[in-house]
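I've put the structures underneath this note.
Here come two complexes built around chain A, the first alongside chain B, the second alongside chain C.
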Partner chain A sequence: MQEKIDIAKLGGVEEGKPKKPRPKLPRKEIACQDPKERIKNFNEVALGYTPEEAVYEAMRCLECPRPRCVVACPVHIDIPTFVGLIARGKFAEAAKDIRKYNSLPAVCGRVCPQENLCEAACILNDTNPGNPVAIGRLERFSADYLLSKENGNSVTPQIIHKTPYKVAVIGSGPSGLTCAAKLAKMGHTVHLFEALHKAGGVMMYGIPEFRLPKEIVQKEINYVKSLGVQVETNCIVGKTVPIDEIMEEYDAVYIGSGAGFPNMMKIPGENLGGIYSANEFLTRVNLMRAYEFPKTATPIRKPKRGVVVGAGFTAFDVVRIMLRLGAEHAEIVYRRTRKEMPGRGEEIEHSEEEGAVIRELTNPVRFIGDENGFVKAVEVQKMELGEPDSSGRRKPIPVPNSNFIIETDLVVIAIGQTPNVLIPSNLKGLSTRWGSVINVNRETYMTTVPKVFAGGDAITGAATVILAIRAATEASSAIDNFLRDPQRKWYPPEISEKR
Partner chain B sequence: MFEIVSKNVLAENVIEMTFIAPRIAKAHKAGQFLILMNYEHSERIPLTIADSNKETGEVTIVFLVVGFSTKELAEKFNVGDKLYSVVGPLGTPTHIEKFGKVVVIGGGLGVAPIYPICKSLKEVGNEVISIIGFRSKDLMFWKERIENVSSKTIVTTDDGSFGIKGFVTTALQKLYDEGEKIDRVIAIGPPIMMKNVAKMTEPWKIPTWVSLNTIMVDGTGMCGGCRLEIGGETKFVCVDGPDFDGHKVNWEEMEIRMKVYKTEESLILKDHQCKIGLK
Partner chain C sequence: MDILKSFEQFLNQKMEENPEKEFTTALNLINSSEFSSQLTLQNLYENLLSFKEVKDFQTKCGFFLSAFFTKCGKQETLTIKDNFEIDYLGSFIEKGELKISGDAGDFTGAFLQGGKIVVEGSVKDNCGYFMKGGKIVVKGNASNHLGHFMSGGEIVVEKNIYDFAGNCMIGGRIECKGNAGYSLGYRMNGGVIEIKDLAWDLIGEEMIGGKITVKGHIGKELCQNMAGGIVTVREEYKDSPKGKTSGGKIVFSNFKG
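Right, the complex of A and B next:
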């Protein structure tokens, strides 16, 4: 049963009455665990809005007739509508409305870089700079509300028309789950394959509990399952089941296998004990819950002085985990400056509040081991910025004779991931670039192999959750068109003759 | 899924376990491994597949009780119980072709994974000479099984309680001295044994392949925890291996990387002995 929401008491819009927006009120901050406390636990840092706070924030929205936020959202969530529903006390309905566009709202409300997308476009910035409607927090609030009411038992939306078509989706990360959910809603039979023992991909192994609780991820997956998607974990396509068999059995295949292969520095000493790829460090901590060791069985080396190489999302997650594992000192070593850091503003801020140190213009040249083969120091060199490179950022150049030593007992290399070669190397005729990034037609998401589509990080290299969701959303429409096309026309990507 | 259908104690701390995993049984080729988990929050344990049956969907592993998770598997799981997760087959299968005369060496637990390799080698017409080594007669297992897929089987024991007294390398040296023309050596066992075999065959210029069992998490090339220098290049054992040219392996690095969690391992064993009553 729905609990009764007294919207008048919460300061919202009562039934049958017009909304009087309050855009001039300051944006409602989200309550966070105190930095001193939170580095002692893995619980979520941002605590989420209370109903009062959500209604307050929703009342700030003008519900523009031509909303710029919707244009800026990669999946074009109808933001004024869902925010309006929150202002009217219809919290569950708000989340259900978001689900029309995005099957993972509780995830996106937490990890989407709204400050560069919907919130950057919000009209309130024009008159009250830096005070856009907190769209992400409202998305999270309504999604959490709905998930808690559903309690793992989502009510399956009426699936209008069951088609005879079967689609295999490879990978259960943001892109695979989204594609599977959309196709299921369109009436197709969907089988989702996951290599690990838990579905969720990067949301389970990559993003830490304190930014994205795993229970939330599993609830979102339960919703996708409630749409009729069959999820098979422990199944590696190309190993456990041959790709040929998948190709025979299904009318279409969607590859959403992400970017799970770690880039390494390739400098001396990198194979010493105590040096991890970000993937290994994060998988042990997040998926295998090594932070609860020995209650759980997967170990992790606990640092005293941790060093993270790189400054993307992942690097900040790693440095914050190091502090939570009890590091006295944990630092980011980055070859460029703060200005070029790809990490999200909020994450950088949270990391520094927690005591992380950022060392700019520094790059490791080798790792030095102790007598037992464990890392004890990193030799680094100073860098300076030269001309912009292909990424548009100024290229770091080593400063001669500037080497020095940083003592450490744990190093994590977080300099990016590329897609795994497993599927490309097992699927004949699949065109890739840079060895493993799958080439697709950017309109149809078709690969060079008939009936095989791809999306997410598998076609771009490591990017964000929301971009993977956008690709999957667009690909699901393309797959639907293809399945319903009697001629099954194929529009592969144009591949230049040169490699 | 993953229901245990048989469990035998082959020797002290050596357990043979067979469970139902039809997809793995169907896809398995000699030299591949799997990763299993006891419970939801258990470790992912990589184990070489010792046998499989496509018809019944059964997969057999043989494991040594070495640490907390294998101890838990040995003590808490019996016929009828289900494993939380099993995934595979992982890794690149052992390269099988007609080489001529192949000496296949299994040391201790390594005797189990050489069984499917001997079988496959024999099927394509190789002459297979097996050398299986144990610390003593009490720890010997699968002798008949290996004999069935080999043209000749030599047993060694460290203490001389059965077969030749000495190590597998004692028997290998003997074969070489007797003038056997060996086209290839395949060795699976403890790192020190594989290293010694590789060092022995290097001056003889006999291609020698070993199967490495490094620490890993996912087994699909994602974590890189299994990485090791092979021929001057870093390789991932889980996807590039587990079989490598024994003459190219950096054995010193292998030794270091195997010991990375020694401290933590003793911690969890101690912790759980008091709490859940593992012996």
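Right, the complex of A and C next:
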């Protein structure tokens, strides 16, 4: 498997020689498909680093003795070590080192908001703002290298002590997969239950192919399976299998069912044809490959003029899909300004390159239908910003008499998701807030129901992949402690509605 | 009874729910054991490693070594073998200096009453848990929940500390010469935390009392739901968004003089 890499030729650090970092070099940009080309296909936009580019970028890292990037990474990946391994030509070892902390490096290298986390903390920002080491791209490079070398035959870490305990993990998104992988490595028997026909959760149905290829997700899932995790798809816990049965059969249960229930605007006309929730739209396109209809069984409305409400990660994914479906005009309608947008800088930039229009300080007030009951326009209102609210962002305030009409034939509402109520409503005694967000003890991830733990979006509402991974990592340690504790002590959350 | 036989007996006993009881059991067994006055902590540790594969060894070994140090130790160095981290090292000790060469496991220096522990490497979670006095110096990194519920004494970390340092802390002092992760001083009620460089998101979340100083960069959601205490950060963050507070004070300083 090990391929000989000529590190001297790549400009890296040779065996036995010290590293001389080159922090003053400019950050290496990643090659991307041309915007004119990429809006005609669903292939990945960012093409990734070549070995030369990766070594160049890795050589910029100072390998600080007190690395800030590590504390800013939610799962505390040992970043200087893996970057150092890349600089020394040990690409596969770098990915293996990341896997100690994060079971899904190829996914996180693509979708994690590094510019707000590890890269924001990088010390190179102090001398040259906006020019940190491209940690995310290096993570992606090493993970892809390892996956290509493993070629579906991942080398499974040796599991030393197999325990007699069985754990059920509900949901196979980033949180469920991480928790399952960690528990399997600890020697427990893990069964993973997935409601859809494919494992992967939001990585399969939510994030489009051009941002996260499904082949990559499948390889990461195969790695988790290789650890001995048994995955059962098409299984809705609470419907296909009663929760009581799961509770009886397993020593512990982890709920990582994510946030798959869409928020809607609750304004007139929202039930018109041609108005989708982002979840439905993305599931049709990403999971069911509706863009290939009629070759595939699921259709999708192909727009001429599309409107997306919201400006988070999902909204930018949707607007870019609309352009790929052939829209002549696709726009984001957002009630605050660009500064407050939760979407990633890179995604916003890519969307605009592809022709998406961003309309700031605008909020829909009603949808207008045609004679067939399909949306034909959206009435919007101008907004202005007031004082910051509890999220720290300035609150949008409507401007009186500023309404106007935007013509459209497809609207997608992407204003956030909440967890599905199915599990909370079926599991007696499970405390929730805001209807379906599960309350847990922040230190132990224990819920109000003994032996039931929860993590990921199910306990926070929709957040990022890396935060779900962090919760799952911490919860897996808590589950392990619980299973090994002779008293099986339970520390439920203090119920508080304020968080 | 030979000290190794005592350890075997201790290892076969059901783990106590209360760490103090576990430590007392270990101490009683050592008091009733026979061993040479030349036996050092290092010799004992190396002998105990023959039980490495037995369930709960990691924890029981830590309590046993701590009890041995309490009885016999004044100034000892323990060199960790094969990177096999031991939990509860230096727990409950009252005096003397224990130097740990290598990495230590969870709950290092837990319930520390006095004396000094120096860890040459890194420590895992819950170092200084419920500590009441004494000093812990960590030359490497400290993982999550450093100084959880500590009420006295001092912890100095030469490199970085990860998340939830000073969680529910009541008194004492934590000093970090590097950076701190998320949720520094979460639900802190007293004591002092000083970070020389950066501290990431959620500093002083739900803080009730005590003092936190961060001299480097800070992350988001500063002092979310803070009800008391003082948090001091750089002046440049004066205009950046803060969390919702119902009390306490955020001080902006240029850290000069």
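Convention: the second predicted complex is superposed on the first by the 495 of 499 C-alpha atoms of A that agree within 3 Å, B and C clash if a C-alpha of one lies under 4 Å from a C-alpha of the other, contacts with A are read in each partner's own complex, and residues count from 1 in each chain.
Throughout what follows, a residue touches a chain if its C-beta (ideal position, glycine included) is under 8 Å from a C-beta of that chain, and two chains touch if they have at least 3 such contacts.
Note that the coordinates shown come from a computational prediction; the quantities given were computed from them, not determined experimentally.
Following the overlay on chain A, a side-by-side fit with no clash is recorded for the pair chain B and chain C. When the shared chain is aligned, chain C comes close enough to touch A:388, but chain B does not. Shared-chain residue A:70: touches chain C; no touch with chain B.
Once the two complexes are overlaid on the shared chain, A:289 sits against chain B while remaining clear of chain C. Rounded in steps of 10, the angle chain B-chain A-chain C defined by Cα centres in the superposition reads 130°.
More residues of chain A lie in contact with B than with the other chain of the pair chain B and chain C. In the overlay built on the shared chain, the residue A:487 is in contact with chain C alone; chain B does not reach it. When the shared chain is aligned, no partner comes close enough to touch A:426: not chain B, not chain C.
Shared-chain residue A:441: touches no atom of chain B or chain C.
Legend: residue contacts after superposition of the two complexes on their common chain; A:131 is shown touching neither chain B nor chain C.
The minimum CA-CA separation between chain B and chain C in the overlaid arrangement is 30 Å, rounded to the whole angstrom.
Residues common to the contacts of chain A with chain B and with chain C across the two structures: none. Those residues of chain C lying in contact with chain A across their complex are 14-15, 17, 144-145, 159-162, 164, 167, 177-182, 186, 197-200, 216-217, 219-221, 225, 241-244. Contact residues on chain B toward chain A in their complex (touch as defined above): 23-24, 27, 37-38, 41-44, 68-69, 72, 84-90, 217-218, 220-225, 227-229, 234, 239, 253, 255-257, 259-261, 264-265, 267-268, 271-272. Those residues of chain A that touch chain C in the shared complex are 65-68, 70-72, 74, 76, 121, 388, 390, 392-393, 442-443, 474, 486-487, 489, 498-499. Note for the complex: chain A touches chain B at residues 195-197, 205, 233-236, 239-242, 260-262, 264, 266, 270-274, 276-277, 279-280, 283-284, 288-289, 292-301, 372-374, 420-422.
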